[in-house]
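Two complexes come next, and they have one chain in common, chain A, joined by chain B in the first and chain C in the second.
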Partner chain A sequence: MEFAGKSQKILSAREMGLVACTRCTRAWPIGTPVCQRCGHKMLSRDFGSMQRVWAFWVMGLLCYIPANAYPMLKTRTLFQVDESTIVGGAVELAHHGAYGIAFIILLASVAIPLAKFWAIAFLAVSVKRPNAEAQRSRHVMYEIVEYIGRWSMIDIFVVAILSSLVQLKTLATINPGPASMFFALSVIFTMLSAQAFDSRLIWDTNASDGDPDQHV
Partner chain B sequence: MGIPINMSDTPPEVKVKSARKLFLSGASIVWIIPILALVAALGVAISSYNSRGPVIYVEFDKGAGIKAGETELRYRDVTVGRVEEVGFTTGLGKVVATIRVDKNVGPFIDASASFWIVQPQVSAQGITGLGTVLSGVYIEGSWNDEIGEFAERFVGSDAPPLIRAGQSGLQIAFRTVGNGTLTDDAPILYRGIEVGRIGKAAIAPRGNFAIVEALIYEEHRNLINSSTRFWDTSGFSLSFGPGGAEVDFESIATLIGGGITFDTFVSGGDRVQDGTVFDIFPTKEDARSAVFNATDVEPLMLNVIFDDNVSGLAVGATVELSGLNIGEVDTLSGIVDFDQFGDSRVRLNATLAIQPARLGLPGDVTAESAFAFLQDRVVNGLRARLASASLLTGGLKVELVVVDNAPTARLVPAGDNFPVMPTTKNETSDAAATVEGVFSRINNLPIEELLNSAIGLMNSLQAFVGSDELQQTPRDVRTLINEVTGLVSSESVQNIPVSLNATLSRVETLVATLEEEQMAARLLAAVDSVSEAADSLTTSTEGVPELIEEMKTVAANASELELQQLVDELTALTRSADQVIGTPDAVALPGSLKDALDELNYTLRELREGGAVENVNRTLASARNAADNIAVSAKDLPQIVTRLTSVFTQAERTIEGYNKGDEISRTAQETMRDIQKAADALASLARTIERNPNSLLLGR
Partner chain C sequence: MKDTDDHTSPPDLEQIIVCPQCDAVYQLKIPSIGEKAVCERCHTVLIEPRKQAGLKIIAIAFATFVLILGATFFPFLNIDAAGNKNSVSVMDAALAFSTGPLLLLSLATAALIMLVPLARVMLTLYVLVPVVLDLPPARHAMQAFRLSQALQPWSMAEIFALGCAVALVKVADLATVGFGPAFWMFCGLVVLIVAQDKFMCKWSVWNSLENPKKS
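Right, the complex of A and B next:
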């Protein structure tokens, strides 16, 4: 990823009458139906992607609700069963003085997923309202969202590791709660949503009012 | 419509505007995923909502470790629900556990359900609920296996119920007798095997016994019949005998935790129903003897409220009706009831247990029949009172006695309370107080006065008896008798009968021929005078019977043990006797008597010396003549006879008057009367003869 740092006008491939294969990156003249090299279907702009973005986005949000409502971990010790949700667990940690860990959990499990939802939604909406000034920053945002998405799975890793390590029969056991599955699904769907987003749409500033319907 | 960016030189393609697509035709297939997810979520939500069981609310006195979301509801040790919320009733009176019950179990929870908290318990009967030490308490529910009308609110207990719903067995109750005790949750043992269990003992509303539910397990119910007797085996008994000391207890468990065992001493008991109440006897011996002694009839309980709070009445004191032991005092208590009695004094409230069988009633012997009997008797004046049972110990008993003219009272059933038996004045007295009272009464008697009066009487009597005149009287009497003897033995007198005989024969003829009315009239007058004399005699002796009457009254009074009055009467009597004897007349009596005798003597002497006998003879001769005349007026004879009869009647009545006296006094009376009569007759005879011996017969 390379940024020129110059504020000159960036010319998009579409404006140059080219279309790049999204699989093998070979550029072809616009209108080429199939990549001559790898046989991938060629589309200059995938307007249908917005539907997929929103569909996965909604799914991700749907899954995020039970992920927060249900307990993430079932901790069964000798005398008691402890079930805590993500936020509840973080608050409990904070009560015990582990502010750092609580902050990390809140950041990784609450702040970042919420930020992702916001970012994807923002990008998807902003495509409809082209704004030439923020094209670069929007693209950066997209890059971050896509990059950071997989790291949200760190919660699930923690749960998976704890569950497999702490299985001491009656003494103490930790099992994943229903929220862990929903959280994983939520992460997956947000990643899918981010992937479905056609970042090239960011660069169509004026073109959209030219001919949004024009795709071959 | 923008300008298409067209890199080719070909003319712009013909713009073909496709028809507006339908709303969903452009929709991506990917939308199926969230829609499926939504449907699935909705489906799960609906199904989980549908599978939710009902909510019940169970009230407990204490939370005892119930936690919302954790504490389970178990049925036969299987979790069938969970506490969702723990709160309080309005006013924080009780803890309410809101329990979500499994749907398939919910319908069985009806009014028969009971709930209790299972928690670790260490008691004499053992340790229970140990598992809950680690797992925390849970709520155990019990209900029968029939679907009933759903109930929502229940009252839970802290301890498991004795009889769980759906559990079979013989449900009976035990009641203590006397001062027996009960232990909660004690086992019922038979030959050392637990065949049942008792629950939580409760005190009866009136506090006179303890009562407890008990369950005999189904497989052992045949061991119990109506002649079974139960007794308490808790604790141990220590006895010393010729064989040495003996410690006896049933088992270590019952030694600590109490227990009840039973036996059927006699055969022929009936099958018992649920709800039968058995007495629990303190020992086996009591139980055994109860089989043979006690009637199976429920005793009739009566309350008696005594105004006097007398010490000495104890529980177990006898209740007597006409001296017959019909029951005993069951409980004793004080009672203060301003509303009922109008003051705040403490009254003695005794509860009597009356054995209906001992009343000997005909027909069914029940408490009701005994009550009806007593009701009837109370209307007729039967009252309760305290009476001394023993002078030595000062113990009291309760007596039921019939009181004459008792104020109206009724024995009415008092609903929840025992009926109250009306009372009457108590017959009790402290032994010491009684003796003291006797002494003080004796002390107060006017002994001094009595003695003084008696001394006075004695003095008067002595003076009377010792008077010269009285001493002289016997001598005069002797002289008189001598004179009379002399007179009678004289020859002339000897002739009198002969003459008299002749005279009487003449009189017979005289009567027949008596013609002159005057003669008869005179005779009548003479008879009248005789009658008068008799009358006067009666009058003169009238006082004597009165005296005797008085003495009799005194004697009667004395026999009535009115000591005080007796002494008083005696004093009065002696005083009046004293007065009588002290009168001048009485003093003069011996003198008069002597004079009379003197006169008699003189008259007789004159008679003998003055030829009176000759006169008599002559008189008789004249009488013979007179008789002839008398015969003329014989028609008047019946009248004379009538007069004579009346005279005799009067005399008889007079004598009867004397008969009223006692035997001793009558003898004295007769003697005195004879003496007086003789004296009078002799005096008048002598006087008449002296004056004119012929006058009587000749009518002049």
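Right, the complex of A and C next:
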């Protein structure tokens, strides 16, 4: 579907003097504060969103440090008590020869969260430098970050399942460590950070210096 | 989508759809069933009508409701190591962090895997049942639907189901682990949640809430 034939440029609502509701896709004259259809607050471009992105980003990163420094699980078996951090647990698994599982844990709990921090920071910085060539790839990156964010909670759910399941009195017990709380907070803050990002800013190539084809 | 040449005349706002992700403006043309309208530059699906989607979504929502309640209270995994047995329900798993400051985490877990999915199901039913029955929309139906959309990323039942599988692999060498009835309910739940999101064309719902059928 297209508005005016392939050869012509796709216009944004902002260029047409409209503001759109990001929940229900309805258009209104620019400056309308609240969507008359669904009641969602509308802003043509949420320039203040960058502050929220960075605030949540910093919170997420701060929580990610204790999430790695403190033990995630406290495993008590017959003769020993074992408190392992995320990385420590993976290294131990690798010593036992389970390289595959160690790799997956490192990927899911270390590489992906770090990549997420990097990606959000990259998007937030790149908004300042619009590039018509890179719009598509930046948008794909934004969608991946949005999609993958919630899946990091799987670590927390595994800890919850293990610590409720493995309660075998003297034989073995598993209890959650303090890192689980920080890890959950870190995931939640990065999700909020990604949600605060206004993806429409990616597509504004020359919004600031006035577009020659602009229709108002 | 139809070509329009008269950009200069003020656009009819009801005949316009704007991509929520990239702000591109399109002339509204409702695709026929089985087709979908996709944003040309960021490839977000804008409209995707399905045959009898309303009825299907309501049926799925009822099934989801029953399964969430069942999956919450029946055990989903049981463990057996040298005579020591234990079986846990989702309720137990959510309350695993019930000591000290970890209590907050407990509440968050319970919300993410049970309360939010449950709330979304109830909101969906509240909004869609009047629409499908050709009745006037329920009070505050728009706000209810908006809330259910906002809750979507926080509904994590399917992530929990995958977490079960991972936990199973981790304890498999420590003890004998078996599936309880709730595990299979959770598997069903995952399929239903995916199907529901597939059938739900948000634009069609907004449109029918704005212009209820006059019969």
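Points worth noting:
We take it that the second predicted complex is superposed on the first by the 196 of 216 C-alpha atoms of A that agree within 3 Å, B and C clash if a C-alpha of one lies under 4 Å from a C-alpha of the other, contacts with A are read in each partner's own complex, and residues count from 1 in each chain.
The definition used in the following text is that a residue touches a chain if its C-beta (ideal position, glycine included) is under 8 Å from a C-beta of that chain, and two chains touch if they have at least 3 such contacts.
As the structure is a computational prediction, the values presented were derived from the model and not from experiment.
Touch criterion met: A:Gly48 reaches chain B, while chain C stays clear of it.
In the superposition on chain A, A:Phe79 contacts chain B only, with no contact to chain C. When the shared chain is aligned, chain C comes close enough to touch A:Pro176, but chain B does not.
A simple residue count on chain A separates chain B from chain C, and the partner touching more is C. When the two complexes are overlaid on their common chain A, residue A:Phe56 makes contact with chain B while staying clear of chain C.
Once the two complexes are overlaid on chain A, the chain A residues touched by chain B in the first and by chain C in the second are 14, 29.
Those residues of chain A that touch chain C in the shared complex are 1-5, 10-14, 16, 18, 20-29, 37-40, 101, 135-136, 139, 146, 149-151, 153-154, 156-169, 171-172, 176, 178, 180-181, 184, 188, 191, 195, 199-200, 202-203, 215. Residues of chain C that touch chain A in their complex: 1, 3-5, 7-8, 11, 13, 16-27, 29, 31, 37-38, 40-42, 46, 77, 79, 81-82, 84, 86, 88, 92-97, 101-102, 104-105, 108-109, 112-113, 142-143, 145-146, 149-150, 153-154, 156, 159-160, 162-164, 166-167, 169-171, 174-175, 177, 202-203, 206, 209-210. Of all residues in chain B, those touching chain A in their complex are 2-5, 7, 26-28, 30-31, 33-34, 37-38, 41, 70, 134, 136.
Contact residues on chain A toward chain B in their complex (touch as defined above): 14-15, 17, 29-30, 48, 51-52, 55-56, 58-59, 62-63, 78-81, 196, 209-211, 214.
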